[in-house]
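Read through the structures below before going on.
The two complexes that follow have chain A in common; it is paired with chain B in the first and with chain C in the second.
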Partner chain A sequence: MKAIGARLPRYEGAGHVTGQTLFVDDIRLPQGNLWAKALRSPHHSARITSFDASKAASLPGVHAIITHADVPRNVFGHLAFLGVPADEPLLAVDEVRYLGQPIAAVAADSEEAAQAAVDAIEVEYEEREPLFDMRKAFDPDAPKAHHWGNWLPYFGGELENAGPDRRRIRKGDLEWAFEKADTIVKGVYRPAAIEHAPLETQVALAVPEPSGRMVVYSCTQAMHFSAGHVAAHLGVPLNGVKLVSSAVGGGFGGKVDSSSDTIAAVLALKTERPVKWRWTREEEFLCSGTRAAWHIEVADAVTKDGWILGRKTLTLHDAGAYLRHSSYATTKHTFHCAGAYTIPNVSFLAFAVFTNRVPSTAMRGFGVTSTSFLAEMQVNRIAKVLDLDPYEVRLKNANRIGDTMPNTVVLKDPSTVPVVQAIAEHAGIELAPEYKAMTWEPRTGAVLPEWLVEQQAKGGQD
Partner chain B sequence: MARHKGRGLATIEYPTGMNQSGDLTQSWIKLKHDGRVDVLSGTVDIGNGSKTAHRQIVAAALGVPVDWVTVDVSDTDASPWDTGTFASRCTFIGGNAVKIAAERVRERVLEIAGKMLEIDPADLTIEEGVVFARGAPETNISVSDVAHAATWQLGGELISGTGTFVKPFAKILDQETGRIDRDPHAALSYGASVAEIEVDDETGEVRVERFIEAYDIGYAINPTIVEGQIQGGTVMGLGLALLEASYPYYPSPEHRGADFASYMAPSMVDLPQIDFLCLENPSVEGPFGAKACGEMANNGQGPSVAAAIHDAVGVWVTELPLTPERVLRALEKKAAGEDAPRVDGKWVIFDEELSINAVGAPDADVKFTFDPF
Partner chain C sequence: MKITVNGAEHELASPPLTSLLNALRDELNVTGPKVGCQGGNCGTCTVLVDGEPRRSCLLPLAMVDGAEVTTIEGLGTPKRMHPMQAAFHFYYGSQCGFCAPGMITASVALLERNPNPTRKQIQNALGGHICRCTGYVKIIDAVEAVARGESFDGAELTRSRGGEATPKGASA
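For the complex of A and B:
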């Protein structure tokens, strides 16, 4: 049998559908384990003015209560390897910036005992005005959502050369495009924050070995990445931590951040006992990272027969209260703002904006689900405004072999033309002969007007 | 009150691998002394099917039956580095890493078999777990016998091979233009989505009757798993198009759903017909021509459904999700004659009330400027 192209059943699939696969929460140790619960911020934005866990610590069954002071390295950046500075504390220090932010964690004999201790911790807050609308983040009197300001100031990605506070992509001559255009179509597009909504909530079991090593049974999507985070927070080298990868009960990007691994490990370190932390369904929905919300404004310069000569964008990415992977998402977004089309003149501008909500994080299509929405809404609107066929506008402006993307990447095998033709045929749409005959080879012949040949062949930025 | 049918199109592209690349995967393959194959990999299978695909890639690259191959993603000690299961990178980047490791194991098996058969390894090949001379299949030895001999008769060798695949990190050379020094991804995949819907103009409810989903994924290592990705992605796309919002009244943080009863993820009752067209234009660098199809499968439905709504009832809804409330408000504006874009010279300006220019302070640091520069 030929292995490549074979319709083999999913490896380990039978175990998943018959309930035999072991997930992290199914793991039982002979010595048992303690259970963790977290004290989370009840406010969107506040200063912590006092913290007293003495009553909580004296409750029955409580083994440890940890705060930021117990974490060997409390602030560690997920994108440290890219030179992006760290901003997010594992446990809040003297302020909270989003509802649900962890402040302290308890290890106890049962989840009930741990929760009782959490409820007995006495905290006083001084509430501050929160910021929720990214469009108001740039106002002179906007509330401050982050100690760096209301938007990421470090797009250079290198500490010694922080670079600009925005991501820019520019190619060609947008002034020419706006001048030459018959019509300029402008719209605003707002994809929502959504949940990963995995069936398995965030969960971790941290087991200290007699040797001093920390073993973490993790539901992470990226075990080496997560092992690096745990080791960094514990201040140990990579052989001080072993992450055991388990079946993942739904990830979709939401388990790239090891939300539960590190706090469970710090509790295990402190108690010298295994500790399991499993988030409730409510915590999973309200306290885990979301897909980011986006605010995108686009103006496209087009000819009356549907050639897109230029595009200008302004994008605001809702990072929430801390950066996590938002600089990555914002950059990836701008690399793809032309969609599946070759637009010779562009200026894309994007900011990663901080607000007082749960930090947004990776999710399926990270950074580009939003560009597909802006690019396709615009093409459909352009076709309507100009009374043109939306299939033909796409085929006209399609990426072709040898075309240059806005960031100067030369395309090797772009399939805009084949996928549009295939879907048109299946949908029963009859394309005009010159569009039916199109291929992904470089543009020639009837469809491309002479005066645009030079534009479409444009390489790097002017 | 009436129901209106509509149809809309979206076309998408999506990169394989992390943006700006540099996302490394290593793998290690070793043979047991009966020739069975252990793949030690750091690629966590989150339901994307990477273990299944990697097993098929290793079996093909090594020349053994698929059921000889075990893919083990145990822990960070046993398994070499993998950057992670994200960025649609596991079949392409992880797949290349296990393929390279399998090719090295194959090479070593051929060298040992060549000595045992006294034939130049270049004249040997492996199929279905048997090493044989090209053109003379009667001269053969099984991979099991080669592994056994290597372990117990020829000095105790562990037949193994490592493989690494990485596209080098693409540096942004110029912050003003975003010019980069190399490809920022491993490949690009393309797709298209057509939504066929019905809109109820009294309730604002939108029902999708059929999605047509076309994707060029290079080459399908396992077509069943590809179909699963496309179907799962399409349903997620339906959720983000019509139903889901962490903050139903965004930007307000109020009224968040905290369970599956109040957070509206799609369920079986929402499921439309899904027609999947799988195009295969083999990629230059992917294992056996494969490209990614994991994440992109939920990117087309938002815009294709929004286009279909316009086709059905003539209104643009540009905030996701496309809820009954938003559709009804758009229909009300249309009925009042207030839905037309503002036309200023050659500018056709939609959605002005949503703009940062309308919501932010007059002296804010950032505005959308109509100046092209």
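For the complex of A and C:
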């Protein structure tokens, strides 16, 4: 156990501080490479009425211009390997659903030549009214954001015989909790979308091998996802691609989607030359996935001494224009709506809503940061309404060993109690003796509140 | 056009309005300075031009004819690190590594101008450098350590496993 407690030098640190770490953009091939640029949608929602790349193709230095017709398998889903149906085209077919959606891509001798060709592609659009506000997605006259409807119709099962169109977690007897409660404490929380803005923008270098195998030097955070996506779009088995993991110049979740690897690979397939695609800072901000925006409504049934008997939530998750990982994020969010607390009676409901915003993606916690936010804000609010100490409300309702989470996971080592105690100590807060002495051991006899005895007598989950 | 990069003189073929960053990376294959924004906003392309920190993405070659340019590679190597590189390594001032080339060169220039900067002065000097990983605290700790005269054994730092590296001359 030499490592525990020791100060270990960072594994890649020496390369990082001497400029010797090779990021994808630093890789130099003896044969050089072509450069890619993409034609991106200037509209949030539009039909493409005409497309003409003939002028662009005749410009000097241009080697290939690809559209959806050049992609062996254009439509693929990020969660296809879990059986989630595919919905997103690699290159737009006859409509665009978010600002910056790629429609065509160019490979040319230089970035400047590629951009000149992109600018020379003639496209006409018929603009449509975009949908930006998740709360309006359910209106009968709302603009249509997705061909499946304005929210995901599918959480498991078969699409034709779709399972529930919402993620629902229920436990205990919510009606009883609200009847029993002294007070109802409500909250509405709207965590905004966030751009990861890694210092290294999305970049890929695709190198076709004579054997037919495609090698991709990738800055992805999710090597095996990316390998699967490149192989799928190229229409080859997994052994037809080789992904080379390079240093990641910051990702924070934003490099989980295969943003640049796939299109660079299709251009390399078409030109039979290595192709590098390096997003600009503007593209990174406008076109890369963001953390999802959320709209969360909560109502807590609480006793006057601060026990949370029940919680009811309704969540809207902004998936953006395509699904990507949003069904996963919505599911994870719904599981965790109780936060680090044991709430015996719950009903959590969540929709993955489609809008005409850039598709949302992973970012540090992937769906769970929004639940921590709602849970902690609710505790503060409960403490304020009841004039109680917020630390004590936290400790009172804290997860304890043996407690069951809303998703039926039985907790073995929930750290809420020691963590809250440590925070109080660091903040210089003097806890009442019973809270200072509290442990994460199961709640037992004498400390059981009357309502919990009644709840236990009623039996566990419904 | 002629420039000296990390001690080696080069005759450049790139046109005079090419940015120094592109000339370094694409003509000379000096890839330490990174392409972060190409707009002078992020600082990762920073190099020393005659000792002064400059954003190489905004600097046309015509402006640096005859200049002496030092990039992150010119400061030191993994086994012979510049004290600033060693301090960034020791204090975990570099996480993903993408901002380090600019942060470190700018910090070296700061201590040349002002060998004993306050924390606030370090913050100001690095104000135009964006790091998305560290939250800056460890970066400023590293610069302060060099200013205090801490030095590090490069070989010890580059060992990836086992044992604790201790800064020499560090006050307890």
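The rule is short, and it goes like this: the second predicted complex is superposed on the first by the 439 of 462 C-alpha atoms of A that agree within 3 Å, B and C clash if a C-alpha of one lies under 4 Å from a C-alpha of the other, contacts with A are read in each partner's own complex, and residues count from 1 in each chain.
The rule we apply is simple: a residue touches a chain if its C-beta (ideal position, glycine included) is under 8 Å from a C-beta of that chain, and two chains touch if they have at least 3 such contacts.
The model shown is predicted, which means the values in this text are computed figures rather than measured ones.
Asker: Please work out whether A:Leu39 is in contact with chain B alone, chain C alone, both, or neither, and reply first, second, both or neither.
Answerer: neither
Asker: Considering only the touch criterion stated at the top, classify A:Arg7 as touching first (chain B), second (chain C), both, or neither.
Answerer: Both chain B and chain C are touched by A:Arg7.
Asker: Which of the two partners, first being chain B and second being chain C, lies in contact with A:Phe132: first, second, both, or neither?
Answerer: First partner only, chain B.
Asker: Could you say whether A:Ala145 touches chain B, chain C, both of them, or neither, answering first, second, both or neither?
Answerer: Neither: A:Ala145 stays clear of chain B and chain C.
Asker: I'd like to know which partner A:Val17 touches here: chain B for first, chain C for second, both or neither.
Answerer: A:Val17 contacts chain C only, not chain B.
Asker: Touch check for A:Leu90: first (chain B), second (chain C), both, or neither?
Answerer: neither
Asker: For A:Val241, decide between first (touching chain B), second (touching chain C), both and neither.
Answerer: Touch partner of A:Val241: chain B, not chain C.
Asker: Is it chain B or chain C that touches the larger share of residues in chain A?
Answerer: Partner with more touched residues of chain A: B.
Asker: For A:Val266, is the partner it touches chain B (first), chain C (second), both, or none of the two (neither)?
Answerer: neither
Asker: Who does A:Arg278 touch here: chain B (first), chain C (second), both, or neither?
Answerer: second
Asker: Same chain A residues contacting chain B and chain C, which ones?
Answerer: On chain A, the residues that contact chain B in one structure and chain C in the other are 2-3, 6-13, 197, 248, 250-252, 281.
Asker: Please output the residues of chain A touching chain C within their complex, sorted ascending.
Answerer: 2-3, 6-23, 25-26, 28, 196-201, 247-252, 278, 280-281
Asker: Help me check something: in the complex, which residues belonging to chain C touch chain A?
Answerer: Those in contact with chain A are residues 25, 29, 31-39, 41-42, 44, 71-73, 75-78, 81, 85-86, 88-90, 92-94, 96-101, 104, 130-133, 156-165.
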